Amino acid sequence: MPDKPVSKDRELERIGVAIDRSLLDKFDELIARRGYANRSEAFRDLIRAELVGDTASQPHGLVTGTITLLYDHHVRMVGEKLTALQHHYHRQILSTLHLHLDHDNCLEVIVVKGEAAGVRQLADKLIAERGVKHGRLVLSGTGPEF
Amino acid sequence: MPDKPVSKDRELERIGVAIDRSLLDKFDELIARRGYANRSEAFRDLIRAELVGDTASQPHGLVTGTITLLYDHHVRMVGEKLTALQHHYHRQILSTLHLHLDHDNCLEVIVVKGEAAGVRQLADKLIAERGVKHGRLVLSGTGPEF
Amino acid sequence: MPDKPVSKDRELERIGVAIDRSLLDKFDELIARRGYANRSEAFRDLIRAELVGDTASQPHGLVTGTITLLYDHHVRMVGEKLTALQHHYHRQILSTLHLHLDHDNCLEVIVVKGEAAGVRQLADKLIAERGVKHGRLVLSGTGPEF
Amino acid sequence: MPDKPVSKDRELERIGVAIDRSLLDKFDELIARRGYANRSEAFRDLIRAELVGDTASQPHGLVTGTITLLYDHHVRMVGEKLTALQHHYHRQILSTLHLHLDHDNCLEVIVVKGEAAGVRQLADKLIAERGVKHGRLVLSGTGPEF
């Protein structure tokens, strides 16, 4: 249980769930392998993953996200263009982490927050830049919703 | 509860799960929207979807699957080639459903069963055929495992 | 080339694409492994897969789809309920294939056509039925759009 | 073209691709919307995305990745446990970015590099930690392979 003053919303409720014995055994095996300490934590994660998927499917759903870009910094102006795009969308960008993978390649990880459709549009534009070899957007929740 | 003689494995066990009140409210809203009659059924579906994903990620995991192919039957020999491939892999193919979508386009749905890696290889080959415009493989369980 | 009277739209155009030598080698290796006869076919498939993904992300995008359901036919009324749902949504359902996997388990594959949001809603309801152990929806194009 | 001394591998080769006129029009519309300057860049991105997917599907495929964790830092020991796990797997972890989203919630983005199976295992363990509300792993290439 959280070691903080617990609000009504955060109160853990204990519910009963009916599951076939054999199904439960397989689930227990799976979550042990993944490192879960107990079933309730695994169930809560499954629920939250469903909720994030549902929110992310709605254009106006509020999400955080991570855009991961692999790019070759030698390609003419790619750094400048990625920076310009990020400034243009600065209201959606929370932070950026940059890694020099090797002599040629950079990994840039951009943390974003905003409506799902806007965040996707920003990711599309960044990934489309010349010099960006590969890019992926992954969405998460914003936190207080669960 | 199933209206059949229930084996030990199929016996429903009632377990307790601890969930934050607000998270539970959001989950209840989501599953009501999707048409679930009760939480236990939704939890069991979440578990089974995780188990299917886990099995499907293992090359030798035993799965059933559906390969959906959209193709233009006018393209030279495409029908013959799809049939020949299916006969070659007949041990993995359970059944095939064919639809004439319009004058040009067919949808062929091939139900397969076997090890995940083999089923993926068959899907790759079918999708790669000239004339096949789009194809997708989706995996499920075989049944008795849950 | 298609062995039919070719409309203007279906005319194959030859375009030039600039690709790094090493990238091309890796692509050639990948598509050979998947069974493609030539690069153009592989490129066209990549394009169509992107277009299907784009259409499927729009609520009113017109798609075909396959809903794969694994269910235990012993569960009370599940067959009747799945049939009733399918009749209610008969305008979206093109065809249904049913397989008896074993003594207990059925695989039902339902081919649908309609707007992406409606098709997803139908899939949600079918998957939520009690007795349905696992379900997946996969979307494709309708054919004439590419 | 890259403004650097170009190695043989990096030389751009010009290949011909045959595509139906109507399919090409739709592709041009899609990539313009996503912000691509030209078709070749879009084709190269499609190829690299396929190659990353292929590598990521092989347990020993070498990848970089980003693990995005949303967690409640009030939950007892969660920060310590995440740090301990990261130290245990320090050989796979390149860098970590931490954001304080609000009073309760943190977003931690961990950049990893290694074999796909090992990276997935690390992500599973981090996501399974109590206090971690949601987590996602996304994989990319390492750079020099394309």
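Structure notes:
Should a chain be cited, it is by its letter among A, B, C and D, assigned in written order, with residues numbered from 1 in that chain.
The criterion applied here is as follows: a residue touches a chain if its C-beta (ideal position, glycine included) is under 8 Å from a C-beta of that chain, and two chains touch if they have at least 3 such contacts.
None of the values given here were measured: they were computed from a predicted structure.
Between subunit B and subunit D, the least number of touch steps comes to 2.
Between the interfaces B-C and C-D, more contacting C-beta pairs are found at B-C.
Inter-chain centre distance (subunit C to subunit D, centres taken as mean C-alpha positions): 26 Å.
Taking the mean of the C-alpha atoms as each chain's centre, subunit B and subunit C sit 11 Å apart. Touching of two or more other chains is recorded for residues 44, 48, 146 of subunit B. Chain contact topology: the protein chains form a single closed ring, every chain touching exactly two others. Of all residues in subunit C, those touching subunit D in their complex are 8-24, 26-27, 30, 39-40, 43-44, 46-48, 50-51, 54, 145-146. Subunit B contributes residues 1-4, 31, 33-37, 41-42, 44-45, 48-49, 52, 64-66, 68, 70, 72, 74-76, 94-95, 97, 99, 101-102, 104-105, 107, 109, 111, 113, 124-125, 127-130, 132-144, 146 to its touches with subunit C in the complex.
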